[in-house]
Amino acid sequence: MLGTNVMSLDTDLATDGDSFEVIADCIDGLMQMDADGAAIPALAESFDLSDDGKTYTFHLRDAKWNNGTAVTANDFVFAWRRICKNAGEYAYMMSDIGNIKGAAEIMEGADPTTLGVSATDDKTFVVELNVPVSFFPSLMYFPTFYPINEEFYTGLADGTYGTSADTFLSCGAFMLEDYIPGTANLSVKKNPDYWDADKIQLPGITYQVVGSSDSALTAFKNGSLDVVMISGNQVAAAKEDAELSKNLTVTGAGYMWYLTFSQTEKNAQGGMLANQNLRLAISNAIDRESLVDNYVMDGSLATYTAVPPQFAASSTTGEDFSADQQKFADFCSFDTAKAQKFYEDAKKELGVDGFEFTMIYGNNEGDEVTKVAQAIKEQVEAALSGMVINLQAMTKAERLDKMQNDNYDVALTRWGPDYADPMTYLGMWITDNDNNYGFWSNAEYDKLIADCVTGAYISDYDARWQAMYDAETLVMQEAVIAPLYTKANANLIAAGVEGIDFHPVALNRVYKTATVA
Amino acid sequence: MAATTATTYEPTKEDFEFLAGRDITTDQNFASQSYWKGVAIHFLRDKRAMIGFGIVLVIIIFAIFGPIFSSYSYRDIVSYVDESGKEVVARGIAPQLGLGGDGPFADRMFLFGTDDLGRDLWTRTWQGARVSLIIAFVTIFIDMIIGMSYGLISGYFGGAVDNIMQRIVEVANSVPRLVIVSVLAIFMPKGMGLVIVALLLTEWIGMSKIARAEMLRIKEQEYVLASRTLGAHSMHIIFKQILPNTIGPIITQMMFSIPTAIFTEAFLSFVGVGIMLPQCSIGSLIESGFNNITTLPYQILPPIIVLALQMLGFNFIGDGFREALAPKLEDM
Amino acid sequence: MAKYILKRIGLAVATLLLIIFVLFVLVRIMPGNPFPSERMSAEQIANKRAEMGLDDPILVQFGRYMVNLAHGDFGKGTSLYYGAPITTVLTTCIFNSFRIGGLAILMGTTVGLILGITAALNKGHFLDHFCTVFSILGVCVPGYVFLIFLQYFFSYKMSVFPYFFDASRFLYSSILPALSLSLFTMSTVARFTRNEMVEVMDSDYVHLAESKGMYGSKLVTRHILRNALIPIVTVLAPLVVDLLTGALVIEKIYGINGIGKLMVDAIAGEGVDYNYVLALGILYSALYIGIMLVVDLLYGVLDPRIRVSAKEGDA
C-alpha cells in the first residue's frame, strides 16, 4: 500500500517517498541498501577512491535495461547532468550534499557538460568531488543518482517519460506493468533481465493508495492488502487484537517532528521568541512521552536531540549519533518546574506578564499532527500560566510558504533525513540557510558546520563527529528548535510475507529479498 | 360555528350535535381573520410542526446548557499520571455512566464516550451543535433573503435581466469554493466569520434556481396577468402574490441546504478555514469520528444523531409552515 | 428556438472566458506555492517561476494560457503529478468520475422518483413517513459514511464487492461508490417528488381529471408528475454536475482516481497547482453552464407556457 499517489517516476521530478520507492523497485543505483541500510554494490561492481578522497571511479557490471540495451556509464552521465540542469527539489543532493564538481554552477546556469562526471568507457564512471565526502557511496542508493537511458529518453515526446509502462525503462528488480499518472493503483512485475534476477522471489507487487488508516486496517483484515501502514487508534486496536498484534511491525520512518520558533522582530509580539529562556520554557513544558504514547501511538520515539536517533551511526564506533537521548536533559526534557523557572526568567527579561502566540501546522500531514498540535497547546498552557497558544491549521504548502517568508510565530514542522549523516539535520541551522526558519544566527555554529563540510574536519572522521556533537549542543542549549518525536511506521504484514527491508532513510521499503509463502 | 337568531328561544351549543364523527368543533372562520393570523393558528395546531419545534428547542437548550453543566469543558483533556510518571489520557473510551469497574477512568461519566484526545464527547457534541445551529440559521437567512429574492426577480423580469443574473450565478458557482475561501482568508481572520462569508457567497444559488423555476411557471398564470393589467407594482406581484404560491419547493429546498451548509463548513477545513481547534462543529466531529469509524464506531454516532434530529425537527417545522401557508392542502 | 440556443451558446463561451480569467487571477493570489519545496533555494524557485512565466504581467500570462488552451494544451502539473501533461491525468479521472457519477445519477433519480411517488400516493401512511425519515437521514449521513458501511458489509463481511476500485472490472467495482454517491440525490429527489406531487394532487385540474374518471398511472405520469417535475429538474441539475465531478472522500476511501480528489489535491495538496486548478475549473464550469442551458430548455418542454427565451414584456 501507499500513503499517497505516486507523483512522478522521473528521478528529476519525484520528491516523495512513495515515488522513490516505486522508482527504486524498477531502477538500480550504483549502490543499494542492505538490510541494515549500509551501502553495498548494485550496478557498480566495485569502486576506487583516489588518495585525496575526491575522485570516485565506479566499475559497472553487465546489466541491461528491459529494452535490451546495456546499462552504460553514459546513462549516469546523462541522468546526473539532467538533474543539475533542471535544478529541481533534489538537485541539491548533487551540489550541497554530494559536492560534485560543477554541480552548483550548473544549477545557476552553467553548461551541464562541465559537471565533474565522465564515462571513461562504457563500464567506467568517474565522479570528481570538490572536497572529500565521507558518506558519498551511501548517497548512491538515493534515486536522484539513478541512471536514465539517454537514447530512450530523447526518443520520447516531451513530457511523456515515466508516464506509462511504455515510456519507462527498468534496469532494476522489477519493471512497470500498469501505471498512469494519478492512478490509485499500480503494479510492477519481476524483471527477468535483472542482473540479480535469481535472488528476486516476488513475482510482482501491486500498490494501492489507501485513503485512511481505518480503511487500511479493514482492507488488511479482509485480506485485500498484505502490507499496510496504520496509525493512531488503529495501532491501539491492532495491539489489543490477539491475531493482528502478531502481524504488527514497527519500523523507523526517519523524519523528526519539531517546533521552530521565529526569532525575528516582526513576529511573536515583537520578537518575544528571540528570548532564549522563553523558548526553553516552551520546550521543557512539553510532555513528549505523552505525545507519542497517547496521540501518535504508532511506536514513534520521543526525541530530545536536534538530530533524531536511529539513522546516523558512526562508521568507526558503530554507535548511533543520538543514541543517548538524555545528553541535553538540562535544556530539553519534560519538567514543569524547570519550565516555569525559565518562564519566570523570560518574563523578567522581557518585562511582560503574558504571551499570545499562534502555532501553525499542516492539516494535510496526518491526523496525528492535528492531535499533537492540540495536545501541545494544552500542555504548554497548563504549565505556563499566562501563555496562550492559538492553533492555526493550513495546508502544508501554506505552512511552508509562511515559514519561508518568516510570517509565523511557532510552527510544527518536520524534516526527514536525505542521507545517513547527522549533517542532513545540522546543515539546516547555519545562518541564511533556506531551512533555518527561526532566522537564528550563531557564528560559532556556522564555523563548526563549515569545518565539517568543507574545512578542517573533512578528512578526520572522529573529529568531525565530535564537532557535529558540539554544534548540536549549541542548537539545544539555545532551544533553536524544540524536537518532539521521531516518526515510526506501524506496519501490518500478512503471515507468510517476509523479508521486506524497512529503512528510515531514502527508501522506506525495499522488496528485493521479500518472499511470499 | 355559532349561529345567532333573534327569537325568543336562544339555542345553546348543546342543542346541536355532529352528524359525522368529524371533529370540527375547533373550526374557525378563516374569512374573518387576517392571512397571517390564520397561518399562525394553523401552524400552532399542526401536531407534527409542534413536535419538530420541540425537538429543535431541546437541541437549542442542550447546545446552550449542555457544555455549561458538564464537568468538563470542550477542550479539557482528561488524564492521570500513573506510578511510573507517565501520563495516561482517557482517549477512545466508549460511552459509560461512570459507575465504577476496571480501569483508571471507570468512575467518570462520559455519556457519549471520549474522543481521540481524551475529551468528553458529550460536551463537544453540544459545543459543536452550537456551531451547526448558527450555520443552520445563517443558511435559512441566506436562502430566504438572497436566494429567494434573486431567483424570483430574475425569473419574473426574464429576458436580459434574467440573462445577466443567471450568468452571474454561473460565475459565482464555477469558481471552486476552496479557491475563493483561501483568497478571502488573506484579507480576514480565519474562523466563524469567514465561514459565514463563504456560505454567503454560494449557498444562495440552489435556492435562487428553485425560486426562479417556480417564478417561470407561475408568472404565466392568469391571476398574475390580471394583477399586471390592474397596474400592480412588480415587487407587489413578486412578493405578495407569487411568493406564497412558490413556498412549497422553497421550504423543501431550504431544508436540504442546511445539512449541505453544515458539511461545507467541515469541507473548508481542507484549506484550514473553519472552526479553529480545539473548538469543534458537528461537521468536524463527524469527520474526526470518521477516522475511527470501524475501530471506535461510537465516536461518529452522537454528531450524526444530533444532526439528524435537528434536521428532522426543521423538516417538521418546514412542513408545518408549508401547509399553514397554503391551507388548501389540509382538510379545510 | 435554434437562434435562442445559438445565442445562449455564445453567451456561455463568454461566461466561460470570464470564469477562466477570474480563476486565473484568484489562483495566483492564493497562499501557497506552485513549486512547494524545502530543498530548493530561493533562486531555484524563482527560476522555476520565471520559466513558467509567472513574472510576466497577468494579461500576458492569460493570453499565453488561452493560446495554449486553443491548442488543447492545459500545461503540466507543478506540484501535482509533476511533468506529466494534465490531459493525460485528466482523461482517466474524467473517465472514472463520469462513469461512476453517471451510475449514481441513474440510481439516485430512479430510486428517488419511485420513493417519492410511492410516498405521495400513500400520503400520511407508513410509506410516506418512511420516505420522510429516509430522505432526512440521507442528507444527514454523508455519502462516505454510507460507503464505509456498505464496504464493511458487502466487501468485508460478505466479499460480494471488491474492497477497492478496479478499473478493469468497472461496473462491478463501481456499484458501492455509485450507491453511496447517489444517497444525497436519492433523498433530495424523493423529498421533492413527494412534496410536489402532494401539492399538485391537491390542485383543481387534478381533481377535475379525477372526476372525469382518470386514475392510476396515466393520471400520475401525464398530469401529476409532469407538473411536479420542474422543481425536481431544477434541484437535480446542479447535483448532476456535482456527481459527475466526483466526491473527494469517496474517491479516497475506495481508491478511485477521480476528479474530486484531483481538485482537492490541486488546491490543498503539496502545493497550489495553478494549471490543474484551472483545467478542473474549466471542466466544472463548462459542465455547469451546459447543464443549466439544458434545464432552461427543459422547462419549456415540461410546461409549454414557460418560455425562458422570451424577451422582457412578452410575458
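Letters A, B and C name the chains as they come in the text, with residue numbers starting at 1 for each one.
The definition used in the following text is that contacts are C-beta pairs under 8 Å (C-beta built on N, C-alpha and C of every residue); 3 or more make two chains touch, one makes a residue touch a chain.
For clarity, every value in this text was computed on a predicted model and none was experimentally measured.
If you average the CA coordinates per chain, which chain's centre is most distant from that of chain A?
Ranked by distance of C-alpha centres from chain A, the top chain is B.
By Cα centroids, which chain is closest to the centre of the whole protein?
C
Could you please state the distance in Å, as a whole number, between where the Cα atoms of chain A are centred and where those of chain B are centred?
It comes to 48 Å between the two C-alpha centres.
Mind checking the centre-to-centre distance between chain A and chain C? Centres are C-alpha means, answer in whole Å.
Once rounded, the distance between the two centres reads 39 Å.
List the centre-to-centre spacing of chain B and chain C in whole Å, with centres computed as mean CA coordinates.
For chain B versus chain C, the centre distance works out to 23 Å.
Can you list the chain A residues in contact with two or more other chains?
212, 214, 218, 364, 394-395, 398
If you look at chain B, which of its residues touch at least two other chains?
Only 182, 270-271, 290, 293-294 qualify.
By the touch rule stated above, which residues of chain C touch at least two different other chains?
31-32, 148, 152, 249, 268
Chain B touches which residues of chain A in the complex?
212-214, 217-218, 232-234, 236-237, 287, 289-290, 293-295, 363-364, 367, 370-371, 373-375, 377-378, 390-395, 398
Per the contact definition, I'd like the list of chain C residues that touch chain B in the complex.
11, 15, 18-19, 22-23, 26-27, 29-32, 132-133, 136-137, 139-142, 144-145, 148, 152, 187-188, 191-192, 195-196, 198-199, 202, 230-231, 233-235, 237-238, 249, 263-264, 267-268, 277, 280-281, 284-285, 288-289, 292, 299, 303, 305-306, 308, 310-315
Using the touch rule from the top, collect the residues of chain A that touch chain C in their complex.
Touch list, chain A to chain C: 5, 7-8, 10, 12-16, 87-92, 107-108, 159-163, 180-185, 208-212, 214-215, 218-219, 221-222, 224, 364, 394-398, 400-402, 404, 415, 418, 434-435.
For chain B, which residues count as touching chain A in their complex?
Listed in rising order, the residues of chain B that touch chain A are 75, 77, 79, 86-89, 91-92, 116-118, 182, 190, 269-272, 276-278, 288, 290-296.
Which stretch or stretches of chain B touch chain C in the complex?
Touching chain C: residues 157-163, 166-167, 170-171, 173-176, 178-180, 182-183, 185-186, 205-206, 209-210, 212-214, 216-217, 219-220, 248-249, 252-253, 255-256, 259-260, 263, 270-271, 286, 290, 293-294, 300, 304, 307-308, 311-312, 315, 322, 326, 328-329 of chain B.
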